[in-house]
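Notes for the one structure printed next.
The letters A, B, C and D name the chains in turn, as written, and every chain counts its residues from 1.
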Amino acid sequence: MPFTYHRTIHFSDTDAAGVVYFANYLSICHEAYEEALAAAGADLARFFSDGGVLIPVSQSSADYLRPLVCGDKVAVSVKPSALAPDSFAIDYEVTRFARAGAPSKLAAKVRTRHVCIRAADRTRQPLPDAIANWVSAR
Amino acid sequence: MPFTYHRTIHFSDTDAAGVVYFANYLSICHEAYEEALAAAGADLARFFSDGGVLIPVSQSSADYLRPLVCGDKVAVSVKPSALAPDSFAIDYEVTRFARAGAPSKLAAKVRTRHVCIRAADRTRQPLPDAIANWVSAR
Amino acid sequence: MPFTYHRTIHFSDTDAAGVVYFANYLSICHEAYEEALAAAGADLARFFSDGGVLIPVSQSSADYLRPLVCGDKVAVSVKPSALAPDSFAIDYEVTRFARAGAPSKLAAKVRTRHVCIRAADRTRQPLPDAIANWVSAR
Amino acid sequence: MPFTYHRTIHFSDTDAAGVVYFANYLSICHEAYEEALAAAGADLARFFSDGGVLIPVSQSSADYLRPLVCGDKVAVSVKPSALAPDSFAIDYEVTRFARAGAPSKLAAKVRTRHVCIRAADRTRQPLPDAIANWVSAR
């Protein structure tokens, strides 16, 4: 079972078309990734701004399938997969919970790639054990 | 007891100084306001973009007391108070939960004012009953 | 020559890793798209929230090649291409201007797809002439 | 004459009420502050994330007077004033440029306070000369 993050859509996520701004789907998925890491024991304050090693997002792709409005409840599944000793991918599915009289629907599919680099010179590094274990355990 | 909203600080809330960007404290408080309204039965999708009546924020003030980092847990208390038939204020306190070995701390105090207007011509209107009741019940 | 948008990186674009948050590259590209439309004569206030027809982003993909820091100057090129009577794509290249002693560098490549739908029922519609002309003229 | 920053309202600045989200007025003012510092010769990448000294926003207040929509042009004036050896304030006025047939209008008044602290222990420090000079020259 993939890790699943539950979230309510906020007013600040929306734009003047009345729905979630497309780039904010990526932020919501990154929140889900953070929660998955925290659930696995990671210290987020260090994880994302440690001076030694960084694991930035190197690619993203997203299919925006259905609009989301303020107050919608979503579930985001998080499935990491290993790509190489220094990189991994995560597949996310954003599901919009049932509204009155309507079933739950897939609202977006998102994929991110992450590469581990040394902060000092941005050369590729093997993933730290903790993150490599998290990727392979899923 | 005021309504209290619980939230984890996300990476997207932070800036290059390593802490939550000052304007994002206001967004976090607005999320708390949305959750308080939803808990009182409001339909958020209609509440914030209804064609008839709008209740925009007309003023805000904030004291930023302590920094927040990615992964911090916060509680935001929401205390509305009536100002006039067409307006109310909300006082928020953002408390940072205890980190290892350190007590909980007040991280910010925020106040917003809200004014009810007719969307068509932006003239002031009495608050809808539902929101007036929510304000006076607290 | 593609339309090119010039932009300075702001503090609010960055995250605790000290660089632009990955999802914000997409926002910066969308700004470039808005500026390209405005330069072609579009009324943005109507374009993005007109009640009749919407043209949401249906897909995005991005390669994040180099980090951007607060104060960096970037140029974003905007190249639309027709896909079908109801859809088009845009390719963006985000170039980081030379810093002291270093040449300009490609910082990201982004692609978005856009589909025209009727707001009332979200069925696909041919692109309005103005946007179809903008796409084909580039 | 105060420093003035010119800006177009972007789609990402807006919310589902069709206008700029209230917290984003503060971000727009902070952009103006950054541009004022850059015009005075500051290196922004260092200014906002230098390890030695930080100058965070300690207070903000805002009066939101008129809504702004996507495509609106605004001018933001930036007036710093000294408060103490370790702090200063900035007053901003956000003016919405004339739309067809309508005059320019004041859209918001914003004030921020900034305090200089040592990053290591967050104790107050005198402002660096460069910033103290910028404050007093205005």
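Criterion: contacts are C-beta pairs under 8 Å (C-beta built on N, C-alpha and C of every residue); 3 or more make two chains touch, one makes a residue touch a chain.
In this text the structure is predicted, and so the values were computed from the model without any measurement.
J.: With centres defined as the mean of C-alpha atoms, identify the chain lying farthest from chain C.
T.: Between chain C and the rest, the longest centre separation is with B.
J.: Looking at C-D and A-D, which one has the bigger number of contacting C-beta pairs?
T.: The greater number of contacts lies at C-D.
J.: When the centre of a chain is set as the mean of its C-alpha atoms, what distance in Å lies between chain A and chain C?
T.: Using C-alpha averages as centres, the distance is 22 Å.
J.: In whole angstrom, how far does the Cα centroid of chain C sit from the Cα centroid of chain D?
T.: Using C-alpha averages as centres, the distance is 26 Å.
J.: Report the inter-chain centroid distance for chain A and chain D in whole angstrom, where each centroid is the mean of the CA atoms.
T.: Chain A and chain D have C-alpha centres separated by 31 Å.
J.: Among the residues of chain C, which ones contact at least 2 other chains?
T.: 11-12, 15-16, 18-19, 21, 23, 27, 30, 48-49, 69-70
J.: Note which residues of chain C are touching chain A in the complex, please.
T.: By the definition above, chain C touches chain A via 15-19, 21-24, 26-27, 30, 48-49, 54, 56-64, 67, 112.
J.: Write out the stretch or stretches of chain A touching chain D in their complex.
T.: Touching chain D from chain A are residues 11-12, 14-16, 18-19, 21, 23, 69-70.
J.: Give the list of chain D residues in touch with chain C in this complex.
T.: For chain D paired with chain C, touching residues are 8, 10-12, 18, 27, 30-31, 34-35, 38, 43-45, 47-49, 69-72.
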